[in-house]
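What follows is one structure encoded as structure tokens, with my remarks underneath.
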Amino acid sequence: MEQEKVIQAKDLKVYYKDHKKNPLSRQHRKQVLKGVTLDIYEGEILGIAGESGCGKSTFAKAIVGMNKDIEGELIQKYGDPQMVFQDPYSSLNPSKKIGWLLEEPLKADKTRTWTKEERKKRAKEILKAIGLQENILDRYPSQLSGGQRQRVSIGVALMKSPKILIADEPVSALDVTIQAQILELLQELHREMGITILFISHDLRVIYQICDHVAVMHEGIIKEYGVPKDVYKNPKSEYTMQLLEAAGIR
Amino acid sequence: MRYILKKVLSMVLTLFVVSLCVFLAFSLIPGDPVTRMFGTEATPELIAQYREKMGLNDPILVRYFRWFVAFLQGDMGISYDYKIPVTGMLAEKIPITFTLAIMSFAIMVIISIPLGIYTAKYENGIIDHVISVINQIIMAIPPFFSGILLTFVFGVILRVFQPGGFVSYTVDFEKFLKYLILPAFAIALPKAAMATKLLRGSVIDEAGKDYTRTAYSRGNTTNGVLYRHVLKNAMIPVVTFMGMALADMVAGSIVIEQVFGIPGISRILLSSINNRDYPVVEAIIMGIAIIVLVINLLVDIIYRIINPRIEVES
Amino acid sequence: MGNIILDVTDLHIEFHDHDLPETVVEDFDLMLEAGEIVGIVGESGSGKSMSALAIAGLLKRHALTKKGKIMFDGTDLLSCDRKTLRSYQGDEISMIFQEPMTSLNPVKKIGWQVEESLRIHHKEIDKKERKRRAIEMMEAVGLRDAEHVYNMYPHELSGGMRQRVMIAAAMIGEPKILIADEPTTALDVTIQAQIVNLLRQMNKDKGTAIIFISHDLSLIRQLCQRVIVMQKGNIVENGNVEDIFRKPQMGYTRKLIAAIPQINLS
Amino acid sequence: MKRFLSLFKKNKATGERNTYLLMGVILTGLILLMVIVGLFYTPYDPTKMDASAKMQGISLRHIMGTDNMGRDVFSRVMYGSRITVVIATFTIIIGAGVGTIIGALAGYYGGMFGEVTMRIIDAMLAFPSILLSLVFVSLFGTGMYQVAVALGISFIPSFARIVRGEFLRCRNMDYVEVARLQGVSDIRIIFVHILPNIVGVLLSSVMIGFNNAVLAEAGLSFLGIGSQPPYASLGKMLSDAQSYLFKRPSYVISIGLVIVLMVLGFSFLGEGIKRIPENK
């Protein structure tokens, strides 16, 4: 079955400023992604695996436009991809109530204006989808547990019904049992809304559980790509083998 | 070494910028210096003649460079009021102000470091509470008022201090130092209170960090952890503060000299501000600026010695 | 039964930081044989780290009450005086922590920190010999170019190297027990595997018993023979790792195991 | 109001009471009361001289005595406090207002602009603030408003630095990234998303700034280059009183005490605000 590509990266190179060098000079750029070619298909969950500093988060940031210093091609079928971050504590503004946080994306929506009633209605819909009660709307993030916060973060990202959701290590900061619940939620949302998910994780087991494809990244390069089961069974690259061994999978 | 060179370079750059700002600020103020010098005696011919002689008709940047180069060579211009070189006017005053600042600094260090460590070690004890209240009060007393109070207590009640009995260092160095003790305390007390509070907070902060747990796990005593591990880390912000405090003390002595009738640079500065005798004001500000910058450089170097992380923080 | 070197019975820990006392560890028992590796597993708030810190005698910061017995070398570490406790700390019982960056003193040289236990407990060893042993130990934990690293500061090393330094510093006194509190959680998977291997090797070479604390059951399965499962301050299950994986007795253990994504490659 | 009162109750979690906040509110309240009452009523006319009542000690008729011209010191203190409070308020409005904006922009945008701004701010901060205000006073001339402006400018750097630090901390928080991804404008992120999170820090710096402003103004007036008669501030009055230290110490000390209490009030408030749990 030929599926449509929603994101195509062709020989994508991304640079960071090197902070050890003089910040006033433009010369010092550090190449973090060294030519990544990767397609993301409509409606799939694509996992990117790799260790810290391998460039997996940089790739995500390049897609959502948080990183502007890029070379190569990055074709996106839809605009406005949304992102969920790792740390459920810093990704919600501590001075705002949950209701306010959920409605904010709609207030900033440039494509249409939402009335107050519409915003409230949408927030309640999303709340239901992420499995939280309505009484949570009047609470502050500090009154929520880590798992609840991560649900809210996902909810905020979903408010404008994006076609693509990027989840950057969304379960790494959570306890294992909570982790399982959030993964379940992501799978459920994927099933019901048909949303494409780019799932970034260092945990090969988690990727195996929920992803349709996996790309293994190392030092800014995609080392291997395929269906998780095949990749784990017959890893072609040395590095993938190392990762699998370290995780006790092989 | 490269670090020090970099700091020296940035200091020179700052000095350059500061001097330019000072010069421009005082040059752009309305009012003609020659008219100011001669007042009602000024005739148009005299003004023209002096303008030419003083180079006032040259472009402002040329005047600036001439002034700056002369300044570096120790020629700070001529006072409008006294018609004598500013350098001579200030030469005997600066050692007085500087001694006062150094004495205040020493008092601050001697008081605050032991107290800061003690109050942190016995956090929330009775002595800690008493000292934090005293600190809070001392910080609320303007230095000139504590100067007045000290004069009152030691001069009027105890009679061990003679107000106004200043002796110059050229006459009797020992008596000179003795006279400066009270003023130095007046300057040092609020800074000592702040430094104590800062060091206390810093030690408590550091003591809560993971590495102290590691130190205990190796079998260190409480004192071992405090003196061998925590203190060096805790001193990092305190060193920065003390550097700024020393600079503040140089300037703060301006006020205290007034209270105790000490003939330092204070009187000259104030009268020249009131009389708009700008060459003198410029010279004093530049003098203090240089002292401040040199202090900053020293602080940077000490900072570098106690904090090896500085390069990564950039 | 082999030679039991540590016997913890009925350990209770209660915090009094707030108005209401809070029980963080209840009825904790642990028997450790010489040279064995025991795992403690649990989620955040399970009391696993608190039990470990209590054994290491490092709970002094909190307002708390402790009850029970921690018998080591004929002494109850819970009730003995501070001086006796200190004589064991770093010499017979050592500990390594989760965050190698913050657990090392940022303004002291690596060598100085590695040598610290020797300096405290073995004053008879002179400076030169201390340095020789430190470098030997640093080489043993796989730090290449140990002479050079000896004079570096923590911020100049990578996370994996820092944890190796922590292990070298903990092992230099050749302790009988090493307590490792989530030593790999802050590290990447490949580095994690290296550190786990290093701990296994230390256990084999020096005969040091290890108490390995982790939230990661699969990691514990790789390293430990025995495991204690904790939840909300209580021991839920206790026994051989493989048995527990195969036949978990309690609901909570089953939930923990189920939360690990299963991989079936065949 | 209920929330405000709850700040003074014992904290249930830690069992501590915020004594600093309570003391701060009481002291500042008393000073403000004196200033406000002074707008409508003073026991005597603060400028009326009375040759028959020179240098009187503390009595029921004159609770702080009279000065060398027979004026009632307490009435003059009520008046002088107003001048001091007005100057300090102006100083803070200028310093905190401009400083917050500069700090917010420099912290949020960073880059070249932030770097250059902070170099200038740091250079200014390296200079003792009294010297900085002296320079500005000598440029603007003496007088109440000139002093307020001079002090205000010299207070900008410290506020800019604090606010920038907070913005740098918040700028890279994930919630700011989230807001950016949702298409929220920069201005809204700065003022609606980030600013509320630093209100605690800002408020406590404003209080500490206030007490520094009172001290700095008093220092300048003491040197004779602050506010000018007939608008004598507390500092100016203390400077005038100093020469009578030996004749009538209570005259000098009572004025000094009012300054101390005013500063203490603000510094207690600042400490108290810092200790409110949400601000930690």
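By written order: A, B, C and D. Residues from 1 in each chain.
Assume a residue touches a chain if its C-beta (ideal position, glycine included) is under 8 Å from a C-beta of that chain, and two chains touch if they have at least 3 such contacts.
It should be emphasised that the depicted structure is a prediction, and the values quoted were computed from it without experimental measurement.
**Student:** Just to be sure I understand the contacts, which chains border both subunit D and subunit C?
**Tutor:** A, B
**Student:** Tell me which has more C-beta contacts between its two chains, B-C or A-D.
**Tutor:** Here the pair linked by more C-beta pairs in contact is B-C.
**Student:** Centre-to-centre on C-alpha atoms, which chain is most distant from subunit D?
**Tutor:** With centres defined by C-alpha atoms, farthest from subunit D sits C.
**Student:** So the centre of each chain is just the mean of its C-alpha atoms; given that, what is the distance between subunit A and subunit B in Å?
**Tutor:** Computed value for the inter-centroid distance: 53 Å.
**Student:** What's the distance between the Cα centroids of subunit A and subunit D, rounded to whole Å?
**Tutor:** 47
**Student:** Counting in whole Å, what is the centre-to-centre distance of subunit A and subunit C, each centre being its mean C-alpha position?
**Tutor:** A distance of 34 Å separates the two centres.
**Student:** Quick one: which residues in subunit B touch 2 or more of the other chains?
**Tutor:** Each of 312 in subunit B touches at least two other chains.
**Student:** Of all residues in subunit A, which touch subunit D in the complex?
**Tutor:** Where subunit A meets subunit D, its residues are 23-24, 64, 66, 80, 82-83, 85-87, 90-96, 104-105, 107-110, 153, 156-157, 160.
**Student:** Sort out for me which residues of subunit D touch subunit B in the complex.
**Tutor:** 123, 125-131, 134-135, 137-139, 142, 211, 215, 218-219, 222-225, 235, 238-239, 242, 245-246, 249, 252-253, 256, 259-261, 263-264, 267-268, 271
**Student:** How about subunit D: which of its residues touch subunit A in the complex?
**Tutor:** So the residues of subunit D in touch with subunit A come to 111-112, 115, 173-175, 177-185, 188, 193, 196-197.
**Student:** Tell me, which parts of subunit B touch subunit D in their complex?
**Tutor:** It is residues 14, 17-18, 22, 25-26, 29, 136-137, 139-145, 148-149, 151-152, 156, 244, 247-248, 250-252, 254-255, 258-259, 269-270, 273-274, 276, 281, 285, 288-289, 292-293, 296 of subunit B that touch subunit D.
**Student:** Where on subunit C does subunit A make contact in their complex?
**Tutor:** Residue positions touching the partner: 43-44, 188-193, 215-219, 221-222, 255-256, 258-263, 265.
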